[in-house]
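Two complexes are shown next, each including subunit A; its partner changes from subunit B in the first to subunit C in the second.
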Partner chain A sequence: MKVSELAKALELRLISAEGYEDREVTGCYIGDLLSWVMGRAEPGDAWITIMSNINIAAVASLADTACVILAEGVVPDPGVKEKCDMQDIIVLGSDKTAYELAAGYARLT
Partner chain B sequence: MKELSLHILDIVQNSIKAKAKNITVDIDEDDSADKLTITITDDGCGMSEEFLANVRDPFTTTRTTRKTGMGISLFEAAAKQTGGALDIKSKLGEGTTLTVWFGLSSIDRAPLGDMAGTMVTIIGGAPDIDYIYRHKTGKGEFILDTRELREVLGDVPFNVPDVLNWINGYIEEGLADIS
Partner chain C sequence: MVKHYEISGTDFANAGEASSDFKAMLKKIGVPTDVIRKVSIAMYEAEINTVIHGQGGYCDAELQPDRVIITFTDNGPGIEDIERAMQAGYSTATDEIRNLGFGAGMGLPNIKKYTDDMQIESEVGKGTTVVLTIKLFK
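Presenting the complex of A and B:
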């Protein structure tokens, strides 16, 4: 499934890296402790988190996730969107909880 | 909490509740040691040894007294997840010093956050207390001392919008110079 299809099905807001939504999503991972996520998220995962600081860009890039989904209405800290735009890191936003988002993903696969 | 400044606000509220007359917030960003150290010192009522022994335990503290919430245990957890630690020294009638350090470059370290806004909230909320905010980085040091401000302001109180806006801008500029 493409990021664009996931975004449409789960009604996600596109925050950064417009034009890259044809990237493939092959899994899903939830986590907020960044060092933990860095070692566990798989390439191609849709990574769901409530963290919003600049380090999410570094972790998404290192773990090569398909996209980052900010849950529960979280918005990125100032400067994070710009960094993610530069690095082609897709960040999406939602008011749903991490559970609702992951359950939504599971229903699509 | 997603920013360290929110922890600082929380801890300083404890100092204010402890009837401190002077509160110092000291932040030291030490690149060579890879440490971010925050020290909050007050001359409030202090804590008994018994209270101090339990103050990090979220269950003991919330169940036996209402003086402290989860604040200290959460602050300690935030430090530990970056390889850091938290220490509290306190004496009844003399005051309390809380020192907490974080791995400066740890990816799990929350950003410091809006220190100018935090100090303004603190000063505006309890304007009769004197505060020193000292912030050191590899590029220099910024110090805000409300006793110096009082000399300039005379009878003008701190908790009016113009003064608080000025303090906010003053801190923001000072921090920009050393970041």
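Presenting the complex of A and C:
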């Protein structure tokens, strides 16, 4: 499934720059502790988190997640969008809970 | 090929820059993606440790024909009990650091998990040196 398809199905807001939504999503991971995410998320995962600070950019990039989904209406801290755009990281937002998002993803697969 | 990085002890916004840069270089050269992933995770954790615990330092990342060797050196407080520091879940990070999503006590265990060899030398009051080795081939 493409990120764009996931975004449409779950009514996600695109926070980062357009142009990379063709990327394939192959799994899903929920986590806010960055070391856990680094060590356990699989490449291609849609990473659902409520962590909004600048370090999510490094983690998403190094762990090769397909996209970051900020749950529960969380907005990224200043500078996060710019950093993610620089590194081609897709950031999406939603008012849904992490559980609702993951359950929504599961229904699509 | 050796890349040298200075790591600031206060700059959380740029923590991960060294790891991101070295990852990009490995990708450009065509190093297998599973190896790049291992290097990225281990190097990022060590870089974050250098920022959080080491009060900054430097990193030398070397690509050899069959392995990657990355050395992190800091002049921080040192590690009192390395065995304890290696335990998953053990952390001395402050609440402020934890609020940023760090300090889960997974840094060193993650490094060990994703490297083929990890050596820690530390002296209380002097600093810590961590050497990571990741083989390019199985």
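Methods note: the second predicted complex is superposed on the first by the 108 of 109 C-alpha atoms of A that agree within 3 Å, B and C clash if a C-alpha of one lies under 4 Å from a C-alpha of the other, contacts with A are read in each partner's own complex, and residues count from 1 in each chain.
By definition in this document, a contact is a pair of C-beta atoms (placed from the backbone, for glycine too) under 8 Å apart; a residue touches a chain by one contact, two chains touch by 3 or more.
In this text, all values refer to a predicted model and were calculated from it rather than measured experimentally.
Look at subunit A after the overlay: subunit B and subunit C clash there. By the touch criterion defined above, A:D64 reaches subunit C but does not reach subunit B. In the superposed pair of complexes, A:G73 makes contact with neither subunit B nor subunit C.
Touch criterion met: A:M38 reaches subunit B and subunit C at once.
A simple residue count on subunit A separates subunit B from subunit C, and the partner touching more is C. Once the two complexes are overlaid on the shared chain, A:N53 sits against subunit B and subunit C alike.
Stretch 26-34 of subunit B is the one among 26-34, 44-52, 62-70 or 134-142 that clashes with subunit C after the shared chain A is superposed. Under the contact criterion defined above, the residues of subunit A that touch both subunit B in one complex and subunit C in the other are 33-35, 38, 51, 53-55, 58-59.
Residue ranges on subunit A touching subunit C, taken from their complex, read 32-36, 38-39, 43, 51, 53-59, 61-64, 79, 87. Taken together, the subunit A residues at the contact with subunit B in this complex read 33-35, 38, 51-55, 58-59, 77. For subunit B in complex with subunit A, the touching residues are 2, 81, 106-108, 110-111. Of all the residues in subunit C, the ones that touch subunit A in their complex are 12-13, 15-17, 19-20, 23, 33, 37, 40-41, 44-45, 48, 100-102, 104, 106-107, 109-110, 113-114.
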